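Okay, got some structures for you below.
One chain, subunit A, appears in both complexes that follow, with subunit B as partner in the first and subunit C in the second.
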Partner chain A sequence: MKTYDAIIVGGGHNGLVAAGYLARAGLKVLVCEKRYVLGGCSATEEIYPGFKFSVCSYVVSLLRPEIIRDLELPRHGLEILPLPSTFCPQPDGKRSILRTDDSMESYRNVAQFSRRDAEVLPRFARQMTRICRFVKPILSMVPPDMDSWNPNELLKLLELGRGFRTMDPELRYDVIKLFTMSAVDYLEDWFESPELIASMSVSGIIGTFLGVRSPGTAYVLLHHYMGEIDGVFRAWGLPVGGTGGISLSIARAAQAFGAEIRTEAGVKQLLLKGDQVRGVVLENGEEIGARAVLSSADPFVTFKKLVPEGQLDPRLLDSLKHYKFRGSSGKVNMAVDRLPEFTCLPGMGKHLKGDISIAPSVDYLERAYDDAKYGNFSRRPFINVVVPTVSDPSMAPPGKHVISCFVQYAPYQLKDKSWDDERESFGDAVVDTLAEYIPGLKKSILFRQVLTPLDMEREFGITEGNIFHGELSLEQMFFLRPIAAWARYRTPLQGLYQCGSGVHPGGGIMGAPGQIGAREVLKDLKQKRPAHR
Partner chain B sequence: MDIDTLILGSDPNALACAASLANQGQKVVILESRDHAGGVYAREGGLPWRTPLRPRMRRELGLLDEPPLDPVAFCPLSDKTHFTLWQDVEKTRQELARLSQSDAQRYAGFKSFMDRMIAFAEPLLDQTPVGPDAAHWASLVDAANIGLRFKSLSHSDALGLMRLGPMAVQDFLEESFEHPAILGAMALPAFEGRFAGPRSPGTAATLLYHQLAGPRVALGGVVEDLVAAGTRRGVELRFGQQVESILVEVGRCTGVRLQDGTVVRATRVVSALDPKRTFLELIPPLELGPELVRNVTNLKMRGATALVRLKLSRTPRFACLGEQDPAPYLRGRIHFGPDIEAMERAYDDVKYGKLSERPVLEGRFSEPTQLDLRVKFVPFGCSEDVRERVLSTLEAYLPDLRECLQEALVKTPSDLEAEYGLSGGHLHQGEHNLHQLHFCRPLPGYADYSSPVERLFLCGSACHPGGVGTGAAGANAAREILSTNLERAKSAVSTPVGAGLAVGTGVALAGVGALVASLVKKPKKGKEAKDNGHSKPVS
Partner chain C sequence: MAIPSPFHEKTSALCTSLKWKEWAGYYAVERYQFNHDQEYFAFRESAGLLDVSPLFKYEIRGKDALKLMNRVLCRDVGRMKDNQVAYSCWTDERGKVLDDGTVARFSPERFRLFSAHPSYYWLLQNAQRLDVEVQDITVQTGALALQGPRSRAILSQLADVDKLRYFHQIQTKVDGFYVVISRTGYTGDLGYELWVEAEHANKLYDAVWAAGKDYNILPAGILALDMVRVEAGFIMVDVDFRSCTYCVTDDQMSTPYEIGLGWTVHMDKGPFIGKAALEKEKRQGSAWSLVGLDISLEELEKLFDARALPLDLPCATWRGVVPLFDSLTNRQVGYATSGVWSPLLKRYIALATVQSRYAKLGTVMKMEALIDTDRRHVSARVVQKPFLDPARKKSVGSDVALVPALV
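== the complex of A and B ==
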């Protein structure tokens, strides 16, 4: 039996980051990826000849700068183009909200809706950035053990408390509000224009089964100001070559440090001796030994599928039952033969290079959520559109384009229906909605791919199609993610670790779970003698 | 004679505050704009029930204990069946078993978890909130006390409490129950004072919050009792007094001016009115500063409950009870129960400013011929016919209702604002949202019942602990006013040295508190890790 220091289950960006860090520390590492291509949900695939698609995730913002630095990702081909604008066309076909990297341009545009809001906007951005400074360090920290005695743990808690205590009281109140309010309620404290509020509130609902008026959604607004590219706050980016470009650059970095990566090598189960992990069995029956196994799969897959039945305390499985996945989003990818042309802003422009939202009003978004609550997909959904080929022409043949639509809501559980029957009518709802803003869209479509949450579960192995490996709601964050007792990357099985988005700090192309997970493995392994070498 | 304290408004909080202050020998005058005391809590007000006065206050004022309502909730269902939640666990379990065996089995466990949570959280109601700004010895002792009590919870209870806070009540209840009608009946208190539905995060906390003060009791008599207790101690009530403004001189409150031009001077003024009225209508904005004005303006006070009083010629027949005598079921609240999904749909409508097709009705027969109802969700400025919607919803449960109906009085949120001066028609002077609770209630920095104006205090349900523990806010405010501690600390903080000292000792004490708390916890650690660590014993 071949033996490694560490085997990583899943070749998504978190798994690859973990591999990179472990290999960099001199360990013998193997990554096992089930699919034919690396990247998991951040993979680029040519599903229609000549067109490359970021099939699932499509933009990047939170990728930790220290990971880029430590793994020297730019040297391995990482290149991220900033998204210069956020664009929200209005249903009247004339007006649109366009906020860009040029503050005068944003001012002029927003002032058409409300002069007061245009003036408040920079102040709002400053406030968010200030709060980010408090929240950011939390992203790279191992959640404290609330039950521990270790002085280091207590210090961590004290440090957090002190950070909070020494904050300006006004800022502190805003932190409390951000963590508990709904996106709309919070924005209404600042702004008056309903169009602007609707266009900004959508960042609060991405990936969750909540509406813009549901408390708890304001927090995600903050994430939009936490993005960091080349040290510049508040920037979202489009990776060159699609999100697969990120995964591949991490994979190349890991390989350069000596990691081995295998695709089409799905892990079937863990090899155990007592409650000690000894390695893995692949789907083809091959057995591989390891001192540590890191699972970048979600908690359900890790604990229910990888671990043989009967090995875990029933109470853990019971807590896992209460962990909410509830996928709520779908994806529609299209290949088109011409540039999409918006009625309200025809022709080429900065608005096409950025992030485009179909979010005409708060009630529209809330109604889309109401549909999903009762087990239907939204007939008039919220759509987040990106046309990557405008900035990165390498993704499609000359003159042709790729349109990526992130769609909400598409609940995993449909009432009395199956996604296999509803897939195309869901796709039609998306195209119909978009066509109201881009009249020529339907005629220009060469190819359409519809991914429902069920498809994502089947194809990418994410339970219930939740893109974050479990909802990012307050009761599932920090030391409660995924389960209170096992939130610190370890598991009840000796040698099994979690390093996916199901652990702190959660989903998005952040890499932090992989990085911190690897760090914890190294800590543990350092205390033991290497098995070989 | 000089007035020590002038209190604006006469709801139970104002009366409790007045009685407590008078108990300590202060000359207290209450100014009420109507011709009777109690505000919306008066018999004429139409609230069907309330939470009991805090035990400490009852003792202090020599008031009698108030027996809880039993049954807790009687729930007729639309299919002409019914079930009842009793005070007694076993009796309730049998009721639930008719609907769902598994729910019945899990009820006792759920109830005992909630009881433990209540035991932990209830003392908070009688404490002035300790926030991150806390810098006094007294508040740090309180903080250490809370920390110790938290640490003495079992591991799973502590985690349970932390998870509970941000959860949606539906998610929280679904961990124990499955039957939609049971879920509905259990969830109902979570929407009291909220503009939220079963799936809105943060509502599990409100569910707990509304159980802290104990089961609901009958409304009758509380205002009269408090007035009597106050009057015995020399509190003077003046009715028909319309306050025009609060007088502020050089940052210090000196009294009020009435609409007829009379000036009433007092050493201090305590407002039981909501913060929007107190700060935005009665005080010139210059005295408060833009930041406070902004925070007050942004307070969420979206009333969504209407009060309906039906006067009947006799007790109507219950479809679900047939010929059975309804009397034993009608002592507590009656949940004319939509299931949990119907509640979510009722909330959906109010989001879009509409009255729901099937509003959520929670009623009580305050007399055999008088049915008082809280109706949810009714939007502010509702133009639809609330009366008709309520009657047609009730008819499914009370088929002969219209025959015995004599009169229906309806107070929508807009009526509540116009008649009782409750901004936004909100019964609790501010939503019980997470960011408007505890040390953030009514506003951060002023959770100690003080205000930016010296010698002006707040004591209404806008303050901690909100509308749940009737009278608690008033009693806490009285305590804070009496403790010279507050007034001294206010001046101490104004000097940098004093502030530094206070913060220094605060941090030191917090450290000691944490250390003590951890020491107490330590011996349990080894055992607990095994108990709750989910690890499988090594085979």
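== the complex of A and C ==
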């Protein structure tokens, strides 16, 4: 039996980051990816000849700067283009909320809706910057153990408490609001324009089965503000070559450090001896030995599929049942033969290079959620559109474009219906909605790919199609992610670790779970001598 | 993208250098000619014509207009007469400066406020429960500054400005359209600002241009303005201090006393925003002070000479943060924020923020200076502001000689 120091289950961005760090530390590392292509949900695929798609995830912001530095990702092909705008066309076909990297241009545009709000925007951004400074260090720490008397754990809690205590009171109250309010309520504290509030509130619902008026969504708003590119907060970027470009750069870095990566090598189960992990069995029956196995799969897959039955405390296994996946989003990818033209802002412009939202009003978004609450996909959904080819022409033949649509809501559980029957009508609803803003859209479509939560579960192995490996709601964050007993990367099985988005600090192309997971493995393995030397 | 000002047709035809910059979202000329020194001398010897339309402009009308102004501004506008203009700053409740600008009183029920940053929200917030209407007239109002010793002679061909006193305004008609002319400006010199509805902007420009032809009128850009405003000791928001609206930490904010605007704070008027905090600071003293610096040319000369180089002086105003050190301990005690060689004064001058105990006139600190490629220290002495204060600035009629500036 071939033996490694560490085997990583899943070649998504987190698994690859973990591999990179472990290989960099001199370990003999193997990554096993089930699919034919690396990246997991951050993969680029040519699903229509000549057109490349960021099939699932489509933009990046949270990727930790220290991972970029440590793994020397630019040297391995990481390039991120700026998304210079957020654009929210209005249904009247005339107006739009367009905020760009030009602050005075944004001021003028927003002033058309509310002069007051235009002036409040920089104040809001400043507040987010301040709060992020408090929250950001949490992203790179192992959540403290609330029950431990270990001085290190107590110190961590103390540090957090001190950070909170030394905050400006005004800021402190705002943090409490962010942790408890709905995105809309919180934004209404700041702004008056319903159009602006709607366009901003959608950051609070991405990847959750909640509405913009549901309490707790304000925090997700902050999660989206926390990203940084080149040290600039609230900067989102478009990876060259799609989000698969990021994964491939991490994979190349890991390989350069000596990691082995195998595709079409799905892991079926763990090999155990007692409660000690000894390796993995692949789907083809091949057995591979390892001192440590890191699962970048979600908690459901890790604990209910990879771990053989009967190995875990059934009580804890039961509490995982209440961990919320509830996939709520779908993806529609299109290849088109021309530039999409918006009625309200025809032609080429900065608005096409940025992030485009179909979110005309809070009521519209709530109605979209209402559909989902009762087991239907939204007839008129929230759509987050990017046209990567406007900035990165390598994704399609000259003059042609790809359009990526993240769509919410698409509940995993449809009432009395199956996604296999509803897939195309869901796709039609998305195209119909978009065509109200881009009249020429339907005629221009060469190819359409519709991904429902069920498709994402089947193809990418994410339970119930949840893009974050479980919702980013507060009750399943930090030391509660995925459940309190298993929140610190380690598991009850010796040698089994978690390094995916299902552990702190959660989803998004951030890489932090992979990085911190690997760090914990290294701590544990330090005592023992590597197996292969 | 920046947008054109109401005078764009005129200014773009004259801007042969194609040197533009962005100012509050508008295109603004950096310099019209290849070199900006002609424009500088126009301000000081004849007349420079500058498009200042990007300033934010608000009209405040209503029974409680005076009340709102007095609530927001540090200055007492109750003391002002109608058609008087005043310079003021305004702060938040902690006394941290939001912005500075001029306020024009048309009547107790009508004011105009001119600011560098958008101020609508602040005015609106403080106008709650007041009988007052705040209107943003930025876009529909063009503004021109005509500054320099010949500006009066030029303008008197268009309007009756001979008797117009410093920081006063007249409402008049030029070619049949309404123009407000105020004797104000950012040059610390004899000069005027003209406020006109945007649709008449080009006609006004033509009229002023024609009247100025025999007086060597020159269009002037931001570079020339930046030199004369340092000579006048005028601070600039985002350069010499920051508006607290855009600061992330409290350390970055300033109070009026810390930026030399204590004289605009009128404690004897009724309550205004920030008063309590400012009263406390006035009692206890300020941590920081804004000072004028005179930088030693002798030392600079020596340092350049040691590199076998001729003395190299900043012919255009630099904006940035240049550290200042205690001359004995070498500990940093402040920073200079704008500096320039003044061709009229023949001195290298700068504006700086220093710990208050270093603000006394005559205090000598060390300022970092770049000698070609080497970072060195030179002496910088605290001196009186303004650096240049010509008598003609406040003169009426022909009571003083107009040129040269310093006699």
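Basically, the second predicted complex is superposed on the first by the 533 of 533 C-alpha atoms of A that agree within 3 Å, B and C clash if a C-alpha of one lies under 4 Å from a C-alpha of the other, contacts with A are read in each partner's own complex, and residues count from 1 in each chain.
FYI, contacts are C-beta pairs under 8 Å (C-beta built on N, C-alpha and C of every residue); 3 or more make two chains touch, one makes a residue touch a chain.
Not measured: the values here are computed from a predicted model.
**Q** Record, for the superposition on subunit A, whether partners subunit B and subunit C clash or fit.
**A** They fit: once the shared chain is superposed, the two partners occupy separate space.
**Q** Tell me the angle subtended at the Cα centre of subunit A by the Cα centres of subunit B and subunit C, rounded to the nearest 10 °.
**A** Given the fit on chain A C-alpha atoms, the answer is 80 degrees.
**Q** Under the stated touch criterion, which partner chain does A:L474 make contact with: subunit B (first), subunit C (second), both, or neither?
**A** The answer is first: A:L474 touches subunit B but not subunit C.
**Q** Please name the chain, subunit B or subunit C, that touches the greater number of residues in subunit A.
**A** If we count touched residues of subunit A for both partners, the winner is B.
**Q** Which holds for A:K268: it touches subunit B only (first), subunit C only (second), both, or neither?
**A** The answer is neither, since A:K268 touches no partner chain.
**Q** Would you check which partner chain A:K304 touches, where first means subunit B only, second means subunit C only, and both and neither mean what they say?
**A** Neither: A:K304 stays clear of subunit B and subunit C.
**Q** When the two structures are overlaid on chain A, which partner does A:M104 contact: first (subunit B), second (subunit C), both, or neither?
**A** The second partner, subunit C, only.
**Q** A:V120 contacts which: subunit B (first), subunit C (second), both, neither?
**A** A:V120: touches subunit C, not subunit B.
**Q** According to the stated criteria, A:D363 is in contact with first (subunit B), second (subunit C), both, or neither; which is it?
**A** A:D363: touches subunit B, not subunit C.
**Q** Contacts for A:R519 in the overlay, against subunit B (first) and subunit C (second): which applies, first, second, both or neither?
**A** neither
**Q** Between subunit B and subunit C, once the two complexes are placed on the common chain, what is the minimum CA to CA distance in Å?
**A** Minimum C-alpha separation, subunit B to subunit C, in the superposed model is 7 Å.
**Q** Please report the subunit A residues shared by its interface with subunit B and its interface with subunit C.
**A** After superposing on chain A, no subunit A residue contacts both subunit B and subunit C.
**Q** Hey, which residues of subunit B end up touching subunit A in the complex?
**A** It comes out as residues 132-133, 155, 158-159, 162-167, 171, 175, 196, 199-202, 291, 295, 298, 300, 341, 344, 348, 351-352, 433-435, 440, 444-445, 510-511, 514, 518, 521-522, 525, 528-529, 532-536, 538-539.
**Q** Would you mind writing out the residues of subunit A in touch with subunit B in their complex?
**A** Result: residues 146-149, 154, 158, 161, 164-165, 169-170, 172-173, 176-177, 180-181, 185, 188-189, 210, 213-216, 274-275, 311-313, 315-316, 319, 322, 324, 363, 366, 370, 373-374, 473-475, 480, 483-486, 492 of subunit A touch subunit B.
**Q** In their complex, what parts of subunit C are in touch with subunit A?
**A** 1-3, 22, 24-25, 118-122, 124, 136, 245-248, 250
**Q** Quick check on the complex: what are the subunit A residues that touch subunit C?
**A** Touching subunit C: residues 102, 104-105, 107-108, 115-116, 118-120, 122-123, 126, 129-130, 168 of subunit A.
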